[in-house]
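Note that chain A is present in both complexes that follow, paired respectively with chain B and with chain C.
For the complex of A and B:
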């Protein structure tokens, strides 16, 4: 049980959006799909769900080729940043329609989430603010009960309270349904504790595909007096440096050293966001 | 139970320690049920696998045990076991650090002992 992406390539004119990408989304896991703007995240998700076709390669959903195959595609729901819904339709009716294509869509649950987020079911999609547009789509994503749920920027425009509610409901659903969730987002720090597996995409290529824990052992931060830091990092693989006055912080790739207290230097773990910035910097 | 995401220690360790603290303080009594994996992960917005890993530490140490189909319970004798474990860690976790910091600040052994005594007296007064 998995979504298998094999050697998928997609070009837009002369721009290569996906370059022979191979990656597998396993059953019952929360993935973080991370990448800078234009790295190819949305293109990858769109290829999986047949919204665009790849130039080469294939996608298998539970072993079945996904291309123009409704049976396979019913197993995947994608919440996209773009709005594909007709605008003059009530939210309630979209909920009903979703149930037509996705038979396991839980209408009652969707209504209870709408209630929790104070989203009025009789409103037209057109009248929703950016935040409520995300909320309404997120509610569908949490209620469809497909084995795979792809979330492209799910918290766009949501305030802190609503984001927190969304994360809470996401974990609840994940615990109950055992679905696989793939979350593509810019708010890395917020989801870093939710995700198990991290996939980093850079210029159409997957550059990292690791568990969060593994990825966090990739590097550490060493800070202190600039001269001491320089001496310490002279024989190490440094991916970035920040300096303020005579103080310096260096981001070092490699296992955290066992001997914790080096005189005058402080060694701390690297946070996911920093690691991401350094790994995807041009 | 407080989880500090800026803490150096992995979250699953903090989950285990948080539960230990709650058991030591009597918040979760022996033979009473502790929160489920889902409750813990939803509450702290963490992946259920992380919560499971934390609880498994306590299962391995015989502090909590699983009742099939019901949930996780605090084992009889857990408090005593935890006290023993914490005592063993006391030197590494507190005394070593105390001495290290005292050296950095040029606090002499006698000064440190005096402060320790004062700490016990203050505690007594409160």
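For the complex of A and C:
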């Protein structure tokens, strides 16, 4: 039970969006698909869901080729940043039709989420703000109950409260179902505690595909008095520094030291966002 | 294939337009139909062209139903093959329904025409092809049968144009939108006059006479069937490679 992507290549003119990408999304896992703008994240998700065609390679969903295959495609739901639903249709009608296309769609649950997010079901799609446009699609994604749910920028335009609600509902849903969630987002810090497996894509190539725990061993954070931190990092490979008053935090690449406290310094896990910036920096 | 759900959605989408259209047509027919009853003048009122109006409506329906439906189907994991087959079945169903309703309206109109000689209500098919035996069941069935294919040709053509325009980039859309009318309305008449000595328009005129003005409605039927076959093939060529452009 997995989505298998085998040597997928996609070019837009002279731009290579995906370069022989091979990756597997296993069952019942939350993935973070991370990459800079134009790295190929959306292209990869669009190829999986048959919205665009790859130039080479293939996608298998539970062993079935996904290209132009209704049986394979019914196992995947993709929430996109852009809207694919008709603009003059009411939200409740979209829920109803989603239930027709995806028989496991939980209409009652979707209505309860709409209530929690204060989304009016009688509103038309075109009358929704950017935030609520994301919310209605996120509600569908959380209620659709397909084995694989792909979320492309799911919290675009959402305020902090709604983002927090979305993450809580996502965890709740994940614990109740056996679905795999793939989250593509730029808000790395916010999802860092949510994701189990991290896939980093850079210029159309997968450069990392590891568990969050494994990735976190790439470096560590040293915090403490600025003078002590400066002394400690003098011979280290530092990828970033934050200073507040006389305190400093340095993000160091390399193995985490065995002793957690070094002469008044605190050693903690590396900041995922800082690591991402380092890994994807040109 | 998830054809059943696809069909259900597509038919639901078309039905709304059909209901609004026919309510308008019936309303207009009743409104203009009763005018001569209250205002008795020397002249008489002719109402007709139902098939033409329906053809225009179906063409527009085909034209405006591609992009929105295509994206909705992609969102719901429907393959292009299923959405295309669903579209063909939906278009056929809509053409059958429209053809039957039009014939019913025309026949009710004929009854009104008979009751009041100041009103003439007739269909284009009746006026073009057969003036006699219009009451017979066989005549009406034949008219419905031939009109179904005319409507299918028209709605498919609208769908095909919309699909082509969807695939084109902005520059190509502009070139076609300006180039085709310019060629047909300006370049072709000039070429025909200067180079072909009017033979092109004579050929077009003969073709139209063959299709519409002859006594034989089967010329229209055969033309529609050939046109449908060609447009179905060309549409599939266009749609099978259509992708999300968002």
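Assume the second predicted complex is superposed on the first by the 239 of 282 C-alpha atoms of A that agree within 3 Å, B and C clash if a C-alpha of one lies under 4 Å from a C-alpha of the other, contacts with A are read in each partner's own complex, and residues count from 1 in each chain.
Going forward, a residue touches a chain if its C-beta (ideal position, glycine included) is under 8 Å from a C-beta of that chain, and two chains touch if they have at least 3 such contacts.
Model, not experiment: these values are computed from the prediction.
Within the superposed three-chain model, A:174 lies in touch with chain B and out of touch with chain C [touch as defined at top].
Of the two partner chains placed by the overlay, neither chain B nor chain C lies in contact with A:257.
In the superposition on chain A, contact of A:51 is made with chain C only, not with chain B.
Look at A:85: by the touch rule set out above, it reaches chain C but stays clear of chain B. By the touch criterion defined above, A:268 lies against chain B but remains apart from chain C after alignment on the C-alpha atoms of chain A.
In the superposed model, A:68 makes contact with chain C only, not with chain B.
In the superposed pair of complexes, A:193 makes contact with chain B only, with no contact to chain C.
More residues of chain A lie in contact with C than with the other chain of the pair chain B and chain C.
When the two structures are aligned on the shared chain, A:101 is found in touch with chain C, with no touch to chain B.
Chain contact summary for the complex, chain B toward chain A: residues 5, 8, 10-11, 37-38, 41-42, 44-50, 100. Those residues of chain A that touch chain B in the complex are listed here as 30, 164, 167-168, 171-172, 174-176, 193-196, 213, 261, 268-269. Chain C contributes residues 1-2, 5, 8-9, 68, 71-72, 74-82, 241, 243-244, 246 to its touches with chain A in the complex. Within the complex, the chain A residues that touch chain C are 46, 49-53, 68-70, 73-74, 76-78, 80, 82, 84-86, 97-98, 100-102.
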